[in-house]
Each structure stands twice: as C-alpha cells, then as structure tokens.
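Questions regarding the structure given below will be posed in turn.
Letters A, B, C and D mark the chains as written, and numbering starts fresh at 1 in each.
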C-alpha cells in the first residue's frame, strides 16, 4: 500500500509506541494517586508536557492535554468566547469543522460571527481582519494551516492585528504543528490547538496551549487534572506518546521539510503536465510541505479515491471528517470553485515515509483512472 | 461507510456504461451541487428496452446504482421498467450505506425520466404514465 | 506491590492490549477514510460498539464513544439540561466531581439545582426524589455506584420515579459498569456514562449511552464522527480496547463478584476486629464487590497512604481526582461524618487479580501504621 | 504531586515527635476542617529552646514540616526561633508542592504560637514580641 493521506492521520511511529508501552502494561497508575505507581505516571505526563511545550515554544504550565484536536478547538473557542466581554467573534471561511461548527453553535447562541473570506489561493487578507474588528469583538480564531489545501496563513501578522485591538487570538494549528516551524511565542498567539495523531503520535490526544493570563472558561468539568482546568483521568500512554512524537517531529524538521516538499512538488509537476483540465488548489508556495490538492474537471472525488484504493493507493478528497457527507468542500467553494469541481478534488498528503518511487507510481495509476472516470462522466466536454 | 461487495463489483466494472448513438430516449437527473448526475440512453423498440447505457458523474454508489438499474431494465418492457423501485436496486446491490440511499432514488428517477423522454418525443404527455418526477433542479437541497 | 486501588484505575488487561496492538501498529487508518485501511478501522470501531452495547443491554446505535468518563458526564448533563424545557435539575450530594461540577456550572448559568441528601449509609431515598420533583424539572442524574464508598443506588426505582414525571434520567455508571450487572434496558435509564479504564480497558476512552429519542445537545462540535454526534478522529485502539474489556468484564461476572466480595468482606472483618475506633463507611450490603472504605479516628488519610505505599501497598483515600486537594471528602461529609474523620478514610478497592494473601498482608501492615499515626496525633484520646 | 526526598525522609522518620512532660510552652495551630493540626511542646531555659517536640494530625507535608521546623529551632535562642520563616522550612526540605505550601506556614505559626504561650505563662503580652498570629479558628477557609 502507498499511504498518502497523512493529513487525515499518520502511522504511529514505532519509537513512539515503544515509549508508550510501559504505560500500557506495568505503569498503569492513575497520575492523581499518591503512591509510587501514581507518581511515576504523573512524572511521565509532566515530562511529555515539557516536551510539547518546548516544541511549541511555551511554558510547560501553558500546555493542557485534551482528548483530541477537536476538543482543544471546542475548549478554546467556546471557553474564550464565553469569557470575552464582547459578543462579536471572527473566524475564517475555511476553518476545519471543529472550529467552524463551534462558531455556528455560538452564532445560534447570541454571538455575532464574521467569517473572513480568503483569496483564490486560500489566504486570509490581514486587511480584511482589520476591517472586520468591532469594539465588541471578543475572539479571533484563524487556522495556522488548512487541512484540505495546505495553505499557511500569516498568523503572526493576524495575531498582531488582533492584539492591537486587545482581542485574544486563537489558532487551530493541528495541521501545522510538527510539520512546519510553529512557535507560539514568535507568532504571538494566545491559544493554539494541536493533535498528536497528525505527527506520528497516537489518536485521541490533543493539546490546548493557553498563554498565561488568557481568559478562558472551563470546558470539561470534574476532577482537578491538568492544573484543575481539564477533568478526566489522563490518557497516560497517549500523552507520553504525544510528548515523544512532538520531540521526534521537531528533530531535523528542516531536512524533513525539504524532503517532503520535493515529493510534493514532483507530484504536482507531473500531474499538471500529464493530465489536462486540472488545477492545483491552494497557494503554490505558502503551503504545507506534504499537501497536494488538485481538482480534475468532470469527475467526482469519491470514485477517484475508490479506484486509487483498488490500486493500493490511500488518498483523500479533502477532510476525512466529512467523507460520507454529500456536501462539496466548503474550503474549495470559498476559493471560488464551482460546485462540481468542489466535488472532484484529490488530496494527497505526503510524509517523510513516502518516496519518489511512490510519487511516480501514483501518477502512473492516476492518469488512466482520471481518463476512465471522464469517459464515464456526462459532464465531459 | 462500507459498500457491499456487490456495490464494489458494479462500481469497479460497471455494466452498460457509455452512450447509444441512435438512442430514442435520453434522460438526465441530479445536479452538480449535490455531486451526482446520471444520464441514461435507451433504444426502445415495440415497448421493449432493447438497449440501455448510462453516463454518471458521482460517487461509487451513484455509479453502482446506474449500473444495476440499467441491468435491471435491459430487455424489459416499458411497463416492467416503470415498476423498478429504488428499493429493488438497493436489494439487488445487497444494500447501500444510509447516506447513499439517495443514489438509488436517483437511479429510479433516471430510468423514469428517460422513459418520459421517449413519450415526449412521440408527442405523448408522459405524466399520466410515468408520474411526476421527484427529480429537482439546480437549487434543491442535497439531502433527501 | 499490592495494588488495591482498582476504583481509581485498573491495569490494562494483557488480552485487551493484544487486541489493541494492530491499531497501534499497522492498522493506523482514519475510520472516516474511504479506502481499505480506513474501512478496517471503521469496522473495528463498530465491532467494539456492538460489544459495549451488548454488555449494556443497548442497541449499538445508542452507544457513543467519548474521550473519558468525565466527558460522557459533561455531555450528558450539559447536553440534556440545555435540551430540557424546565430549568430545574436534580442530582445527589455524593456524585463524582465530573457530575457535581457540571451541576455547579449549570447552577451558575441559570439553572436551579436540588442536591438530594443520602442516609448515613450513602443511599438516596426514592421518596426524597419524588418530593424534589417540580413541574419544571428537566433532568435527574444519580450515580449508579459511588466511587468512594461503593454504595449502589436503587437506580431502577429512581428512574421509574423520573419517568412518572416525564423527566429524563441519567446515571453515572463509571464504577458500576463491568463490576455489577448493569443493564440500561432493565434499569430503564435514558443515558449512562461509563469509562474503560475502570474495568481493565485503556485510559482515555469512555462511552455515553443515549437511549434513542432522548433529547440532548451536542457537546463536541466538529466532524461527523459517532453518527455526527461527537466530533474527533476516533481513538481506534482505545475504542477497540474498550470493546474487548467490556466483553471480558461481562464474562463470568457472577463468579468474579463472589471472589472479589469475599476479599472485601474478609478485609472489613479483620480491620474492624483488629483496629479500635474505626468504622466502615457506606452500606454493608448495597455496595460494590471490591469497595472498602474505613475511617480511622484521629488520623489523616494522606499520611496513612504514604506509609502504606512504603510497604508496597497502593490504596487511596477516596477519589483519586481530588488528591492534592485540601478539602475533606464531600461524600463522607454527606454521610454526616465530622471533618477530621472525613479527612482520614482509607479506600481499598479490590479486583479479581487480588488474593486472600494480599488481604492478610495489608491488614498486617495497616495495624502498626494506624497505631503509629495515632501516637503522632494530637487528637488521640 | 511529588514530595522531595527530604520531605519523605522527615515524614517517614520524623524528628522530635512526641510530648514533653514538663514543657513550659505549648502551642497548637490549624483546625480539623482543614485536616492539619500541629501541637508543639517546648522546654525553654535562659531564653534558649532546650527541647522541642511535636504532635501532628495531617498530611505528609504537615508531618515533615513539623519535624523540620522543630529541628531548626532546637537549641536556638527565642530570638533566633522567631526569625524562622516558612520559606526557610521549605528550603530546608528542598521544596514543597504548591498545594502544600500552607503546611510550612502552619509550622512557622506553630513555633510562634508556642513561644507566645511561653510569654503568656509569664504574664508577658506576647504580641509586641511575637506579632499577631495569622492562625485562625475553626471557621477559616482551608486555602491560604
């Protein structure tokens, strides 16, 4: 199998699993327990926290483990919006559903929401943000990098504008963290969501970075875990895995970016050369090293994926969360693409485990598949 | 979302895919917004569907239901073809995931609308025979 | 080490880990993905769902996986309260903090809360519930079994009273599920929270059972996972582990109850015989098979635990979540115990892995430790 | 919550635990509600703390700070003992977890209140010398 859906989820790195194993076997203590077994679990969590914090450029006591990236988004957005004085909140039109649906929920509950548009490459214009800010704006949340088209936003600029208006700034960094340099201090964000399973860590563990002093309500009520701010017996093995995955991701990142981008660029060039009537979605430079998103005229995404799957190629058509949904991608629509094109995009997301041979193989399989589906399509001109 | 083996079979090797040059009935249903469009060509002689072919833009289920629905009406009389229900298509495919049921509805409608076209071409009002199509234009919501 | 803190968390069963391993290695697909690797992950989740559902006596599509027992409680209580017509909600005074703090949060947000008292054994009187119900009561949540004192509530009676008033009934069954028969259909509850790590499953995965037709708001917004009702990429390995742990827990439960209760009863008898001035908290019969909670006059809980730990015995002083807190147990206070006694209780919770030899050993170590702390205490008379 | 080795040492083998039969100063601080009570006995001669012992109801940190604080004042002059701060106790113990800092405050207060008792027994108002105790009765909140 050729796995090129690393934006949906990544394989758990064997070295990460190794570090998790003690906590799946003999080290089963509850970190809140006072005895030795509990204290060891607690120490392991604190070590993982320090590791994630160091990669984020944060203090350890600003890093809170959650049960997923989505939970981090829900906590940040609902918690910060409810703690804000104003009832106007701003986000972008191309956020992940974990952010977008929180905003929609808040919109139904008395908040006034502005969805910033993006240009045809998927970039938020800082001037649009400036223009959207009102005296009663209480929260701005704009994703660091998009999960479908890989566009990287000018976060430090956007955060600066937010702070000029004394408005807290959150960013969904689930796709950015561990893939491109992402330093909360350099960027100046007040809160950031990340998720372990996007960078070789386990599924079911996320982090919300909360800058000290940021006003945010509680999301998960209960026990006193995570400095009393996120209840639940800790997923010790998962947290330990996240800590190690973050450290591994940071290690030699520049080299990995080079390698992965070269796979990406070769794939893009080959496809655009060999297949007519297709276009690259997103920005040509401001994009995640592993992300490719290409629309093919006249064909629909799911059929493409199923035929690729039959050739042993695992790719995606945008966000994994919405497969099974009938709606076209809200991200592609925001770029201004017509509906039928928004249904037909292919997302290929590379990791450092992929090779140039795989790139060539995917192109080789893709060409006849696209041709065949076009032959089948009543839209083909 | 899991497709049955039968669905995968019809998706991977669809029957009756293509156009009929001298078709005397053509129907098209679905819309671009929803991401599923089925176009059906028929060659009807003596009230019998001698040949039928389809072209479909859509997901795996859309292609599989097109394949199965055309299979089910091929060689049948118009009357028999009009009795085809989406349920029969689903059953023949050994089930469809709930979110994909609308594809079978689309397939049923595609057959009906093609037969309607056959009547129209002969100056016969198809409505009393075929009924009103549930199929809708470009503005209808995608969920049924 | 003698581990007798199974109410805080349990060791992950090796057989459960075995079933999880594929999903921590080669089977890393995102269950929302359309290709083979994703479909296999999806199928594994559905199998786990069916397994938990069958142990719960529920339909599979009434079982929703969450990131913890606490999340299940937060979802149920906030989601059901907000979906209710009335603004009056009822719970008991001895709930776990995951429930209690949700009610306190709702109380601060416009809800009127009744906390039902318990008798000196920790049992809620159904007549008290009947009396507390008002026309505007919108939710009743009472735990199935208490985590500190092991008391088992008359849930089926309480749920019946709720339904006579057409009020939805939720129960926190985190301590009950997998330890005593707990069947949502027999009991007639509308929602129930459970957590995998209390029954030999992994930490960081819970379930909320929601009876079909129950009105409940969304808690975790985002992707369409869990029938569109709980966003987040699924913790596949954790979910698979939960499914298997539930099946194992149900298997031969009666035998295990017999075994574990006999450890419990022997420990209680020995301690009450050999140590003066102590009392068993909770009900003598209506209690979890593994739970012992004993107060020792004049001494404080933490010191007791630390000294036991030095002898290789891992026990607890009530809820693990609140260790590190200065407050005495709200559960023991609700029983009517004085403050200094509420600080000094010992919770020992047995599992089927414990032995009678361990029971004897704990008693042997406990006697001199209690004597020593009493010698050190200015309260000793 | 992790205790330092030093804390665990003093907790496991507390120094100066017990009573002094012929103490000429006894102080008690803390309350049952908070779960920490320290009682200190002193034998003071010529303004020098010849002997000191304690009894404590409380957590590991309460016992360890009692042990350390009594160690630190034993053999010292009253003046030196009054200079003992909770910070010094914490440092000598190589740190305390944040939620346990109040135990060190309690230990400082216990020493002061014992010395206050010494003056009171001699009919001297301790307040100008010892200061007002921060220690509170049964109704004070447990978090400081």
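The criterion applied here is as follows: contacts are C-beta pairs under 8 Å (C-beta built on N, C-alpha and C of every residue); 3 or more make two chains touch, one makes a residue touch a chain.
Predicted model only: the values in this text are computed from it and were never measured.
Each chain gets a centre from the mean of its Cα atoms; for chain B and chain D, those two points are 88 Å apart.
Averaged C-alpha coordinates give centres for chain B and chain C that are 54 Å from one another.
Spacing of chain C relative to chain D, judged by their CA centroids, is 39 angstrom.
With touch defined as above, residues shared between interfaces to two or more other chains in chain B number as follows: 1. In chain C, the positions touching at least two other chains are 34, 302, 306, 323-325. Taken as a contact graph, with one node per protein chain and an edge wherever two chains touch, the assembly fits none of the named shapes, being neither a line, a ring, a star nor a complete graph. According to the touch criterion at the top of this document, the contacting chain pairs are A-B, A-C, A-D, B-C, C-D. Those residues of chain A whose C-beta lies close enough to touch chain D in the complex are 34, 39, 42-43.
Interface of chain B with chain A (complex): residues 1, 8, 11-12, 14, 17, 28, 32-39, 55-60, 62-63, 97, 99, 102, 142-143. Only residues 298-303, 306-307, 310, 323-328, 338-340, 343, 375-379 of chain A touch chain B when the two sit together in their complex. Within the complex, the chain D residues that touch chain A are 1-2.
Of all residues in chain A, those touching chain C in their complex are 1, 3, 5, 8-12, 14, 17, 20, 24-25, 28-30, 32-38, 66-71, 73-74, 96-99, 101-102, 104-105, 195, 197, 202-205, 218-225, 231-238, 302, 305-306, 308-309, 313-317, 319-325.
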